[in-house]
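For reference, the structures are reproduced in the following blocks.
There are two complexes below, and they share chain A, which is joined by chain B in the first and by chain C in the second.
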Partner chain A sequence: MTRLRFTRKSLGIPYAVFLLFFVILPMLVIVFYAFTDKQMHVSFGNFIQFFSDPTKLSTIVYSLVIALITTAVCLLIAYPVAYILARSKMKRKFVILLLFVTPMWINFVLRVNAIRELLNWMGLLGEANYFNTIFGMVYDFLPFMILPLYTTLLKIDESLFEASADLGAGGFTTFTRITLPLSMPGVASGITMVFLPSMTNYVVSDMLGNSKVTIIGKFIYEYFGTNWHMGSMVALILLVVVFLSTWLTGGFREDETVRGANL
Partner chain B sequence: MNRKTLAFNCMKAAFIGIVLLLLYAPILLLAVYSFIGTDVIGTGGSFSLEHYAKLFTDEQVLTMIGNTVGLAFAAAALSTVLGTLGALGMYYSKRRVRAAMGAVSRIPIINAEIVTALSLAIMFVAFGLPKSYFTLLMGHMVICTPFVVLSVMPKLKQMDNSLYEAALDLGASPAAALFKVVLPQIIPGIISGFMLAITLSLDDYIVTVYTRPSGFDTISTYVFNATIRGNAHTAETLSSFWALTTIIFVIILLVVITANLAGRKQKKEVRA
Partner chain C sequence: MNKKRFGALLLSALTLLPTLLFAAGCGGEQTVVLRVFNWEEYIDEGGEDSWDGTEDAPAMIERFETWYEDVYGTPIRVEYSTFGTNEDMYNQLQLGDTYDLLCPSEYMIMKLAAEGYLQPYEESFFDASREENYYIRSVSPFIREMFESNRINKADESDDATWADYAAGYMWGVTGFTYNPEYVELAELSELGWDIMRAPQYHNKVTTKDNVRDSYFVALAICYRDEIEALDKTSPDYNQKLTEIMNRTDDETIAKVEAIMHEMDENIYGYETDTGKADIVSGRIWLNFAWSGDAVYAMDLAEAGEDEEGNETDSTLLNFFIPEECANLWFDGWVMPKGANTQAAQAFVNFLSMPENAVRNMYYIGYSGVIAGEEVLDYVKECYEIDPADYESDEEYVSYDLSYFFGDTVEAGSAVFLADREQAEHRQLQAHYPTQETTARCAVMDYYGEEANEAINELWSRIKSETLDAWAIAVICVGAVLVVAAVLLLKFGSKIDFFRLPPKKGYKLVGQESVRQDK
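Presenting the complex of A and B:
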């Protein structure tokens, strides 16, 4: 019996080795490069240099503003959509939800290219770079906001709404006191899933912003050609931000809808 | 139903309709123009299949489509085997081991893709590993495998453990019990993990760019370079992407509809 348990457990060894070499080790390499200079001496220079360059800082601010607007617009569109679908008594509502997710399965770059053609047709390409970038990001990341919101809203017990109405609360009070607080986990995971790519996915900003819009992810791309140490520092900062936000929103818990994985 | 709720329901339906319309507008625009003989959207032209003809005769385009699909199937197949074994191992391991492996599995899922890509690229170069099909495949497996684990794990948790013990009691070898008793119970999770891995690999741009050997193009890198750089790519190439987008969209629609119908049929059979 002891031998048997060992056999079953050992099935996971290849995956453990894989994680070690292709997930943990690369992270360690990044940490190493982030805290060394070009002579491979331990140094905090990359960190200081990154935060003391005014042009870098203004780009970071722009990038954060773009990500904030994208996330806010996604939330404003996705919440009503998720709410309407989750509370609807319709039998086929799953099919409508599926309609929101289907475009996500077209190749990402082809999808951005489709938006590019649309904007070009409307005469906006090259004219409104920031608008185009945000439009494209909202378009691409909207399903990431809808899915977690829909799952949390669907889980809210119907009897809570009845109880609220019985106790004399109007629709608005029920929404602010019951629906909104109970849907906060979905809001939080939706925000992290939209905010992060809007800061880092430079495919959208390059293709729609006429290469005039720079976001934080683009720094890494530029540094990769010139200075690995600075590139690793930017990557490490992003990594820390991701970890903190995931930890704070409870994303390390086991049961969670990620990118529609449970769909 | 009184008039107020009726009006409210109409508003709700209208809102959903408008968002869906916006979501499908770019795709429908390309779908319509993929059948019109012009290279500029908005200009007139008559019905023509020239974009499709161009798509299926351009050797470069055909190669990159083949590359993309081949890579997706290779990465998804390997990820599915590795991830399924990983999930099994994790499930039968001690709580602490399971939690640790689960947490590390989450890193590629939550991480910004660019950070995963850069860390892999720097590691490969730092350890003197030239970029090759192998590094590309590993890159894709890093983004796919955790999702396979994520889809197999819940099926393992729902599984009835006593069936495995029963099989052993009845004389099955552990391997036979694993294949004939455990595997059939988790196969839906394995299939959805495989499908997820395929879509993730097909969709990827960033990890591909950082780990691919030079000269290897997928749909993502090819289209990106064609639209951004614009060099050596004619308007004809760009308009053949309209046809490609339309074909992919139709394939996805067919898959979604078939999956939906199959799911409904299955449910009916269960009820009956």
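Presenting the complex of A and C:
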């Protein structure tokens, strides 16, 4: 009997099996369903139907807009927070960071319910469904924006700022020429982590928008109740949109500049 | 013992282990397995909330397992799982999950039957002379009539099988509105009927279900209100005509309904599946489209001055309103898929149909069961019968007649009792057990058929989503393409010759740079 030898390659086998069964095969199943009809014949009917139906296109557009606004608002709030936390000489800033992140540890449904009560108390529930949805999403995804920004900003070499000051650059110039460009990997990974889920998180839009706001995730859910083929097609199209946006924001870059940026 | 031998031994031991365990588990006698697939929170789960009210009160499933072994002499194990919507259940079936007993709603039963999934009940199940056949001995004559007169496969004229052949009832009810009489006048509701959904005075104060069939039904009732009201209520085929109207799915109807549903969408507070009960109790909304069982639950909560988590709130009295033109009558029933263990499945249905157990389930889940009989009537009377001595004037109570429901399962005349007028006309009692006058104007919603279903689902997605104008979509698409193109240019533009100026005179390109040419 030969001795079993663990090479590096064989250590990778469990991961390969996992990827095969939980990533690649499901994806193939989705593609299969998307391009077949109810009689399981190959068909482009779903594809054509999707792109000729203004309702479905509108839903994609609305989801994109909601996701864009959510991401922008998250970025606007998170950048200053991350910047202050990373660059200031404050004592115990870890505690502040923790305060921003702790909500993530509380059950999601509970948080959304709390926001619902809050919005009701403010008299907004049922009055401003789109605002409520975006409000809930921003609240929910903010930590995912702060964390990667914080880690990249923290890793910028202190000497760069000294050099910049030496050469006579003011605070603003230093920010635009040094801080911002060097934090772009953090921005990119923050965007990917907020943008994608906010297109599909229909629990927020159902609870806070009283189900009057339909985003693409809800659409997929509803189709999977009645027509798997159309549901798969919508899921596939979402996948393409997600892939494109990740690629455009540089989420696939393997440069060393992104170190620490991806959680 | 050398290592190799030991390894081999260990390996074979591991392989054998499951087999050994299995053999041990089975013991001498074969355990019967019954796979039941039911709605969530749709059976007595024992414990403090149950009829016995003690912490160790056994759940219905455990009681069934004990009972079955006592009666049939073989041990049984129930594998119980639950679903959230009829469509979820259908998907599970399609994925190849096997069950012995399912509890879908009437239209899903019809769909399953039309697609050949179901197995009929055996003849012995309907033999009332056998003691263990509790279902057929105690089912309400009203329900029985309903099940025996509705054909299960409406698409196929030659198929004259009825619901009763394939399904045994479990729970039933009607639809209507739970409302808060503090804000809402009953007279106004009666005048509006289902049009409450579009009434501007209830803007943002009324909800509907986040489910296409219920909303479609409401819109149909609004759409054909005149036609429904013109029907002769005394004619014998009144209900048949009503049912026909309330199941229309032709293109013209769908177009009309779509317009109505858009107006509803503009007016309502929102669509809900579960939050409506809490919202009506807290006063956030005034009117909540509700199934009767949920309405009873909400009224009980509000009256007790509790919210769903059991915190104390102000006690409010909520009412239930069933629009006078018509309402939806619904059922959930037990059906057996092909290949089911019919003996065990039928035994389970019979066990649930023992009037005592029917009361336990009703007490626990709050819906009305299809089972009649003395025990059930006693329970209803315990809840609602009043003593006229407690009342100052005979205006405050009425005689409530449930003979149509209990029929000959109880002593003649005993199903008529005195009830509080408020209860009988506006509150729990009329939601829990509507009168014959109410059920007569209720229509059952059929399975619409594959094609109509698709059309209605598409309609639903149009209602639920905002639809932009074609030009707006075109503009946005072009914009998106431009943005993508711009980003691509920024990223890769420098690598494409086309976008770069040719090198100046005297320079040449080396890689990406222009370099001065040496003379």
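Going forward, the second predicted complex is superposed on the first by the 221 of 263 C-alpha atoms of A that agree within 3 Å, B and C clash if a C-alpha of one lies under 4 Å from a C-alpha of the other, contacts with A are read in each partner's own complex, and residues count from 1 in each chain.
In this text, a residue touches a chain if its C-beta (ideal position, glycine included) is under 8 Å from a C-beta of that chain, and two chains touch if they have at least 3 such contacts.
What you see is a predicted model; the values in this text were computed from it and never measured.
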item: Partner chain in contact with A:126 - chain B first, chain C second, else both or neither; value: second
item: Dominant contact partner of chain A by residue count, chain C or chain B; value: B
item: Touched partner set for A:108, first chain B, second chain C, both or neither; value: first
item: Partner chain(s) touched by A:59 [first = chain B, second = chain C, both, neither]; value: second
item: Chain B versus chain C as contact partner of A:248, first or second or both or neither; value: second
item: Partner chain(s) touched by A:211 [first = chain B, second = chain C, both, neither]; value: both
item: Contacts of A:224 with chain B and chain C, given as first, second, both or neither; value: both
item: Chain B versus chain C as contact partner of A:68, first or second or both or neither; value: neither
item: First, second, both or neither for A:24, with chain B first and chain C second; value: first
item: Chain B versus chain C as contact partner of A:184, first or second or both or neither; value: neither
item: Overlap of the chain B and chain C footprints on chain A, listed as residue numbers; value: 120, 206-207, 211, 224, 228
item: Contacting residues of chain C [partner chain A, same complex]; value: 4, 85, 87-88, 91, 204, 207, 210, 265, 269-272, 275, 284, 453-454, 457, 460-462, 464-470, 473, 476-477, 484, 487-488
item: Chain C contact footprint on chain A (complex, rising order); value: 1, 54-59, 61-62, 120, 125-127, 129, 206-207, 209-212, 214, 218-219, 222, 224-228, 244, 248
item: Contact set on chain A toward chain B in their complex; value: 4-5, 7-16, 18-19, 22-27, 29-30, 33, 77, 80-81, 84-85, 88, 95-96, 98-100, 102-103, 105-111, 113-118, 120-121, 139, 142, 192, 196-197, 199-203, 206-207, 211, 217, 220-221, 224, 228, 231-232, 235, 238-239, 242, 246, 251-252, 254-255, 258-259, 261-262
item: Chain B to chain A touching residues, read off their complex; value: 12, 15-16, 19-20, 22-27, 29-30, 33, 41-42, 68, 82-83, 85-90, 92-93, 97, 101-116, 118-123, 126, 138, 141-142, 145, 147, 149-151, 153-154, 168, 174, 178, 196, 199, 202-206, 210, 219-221, 223-224, 227-228, 241-242, 244-245, 248-249, 252-253, 256, 260
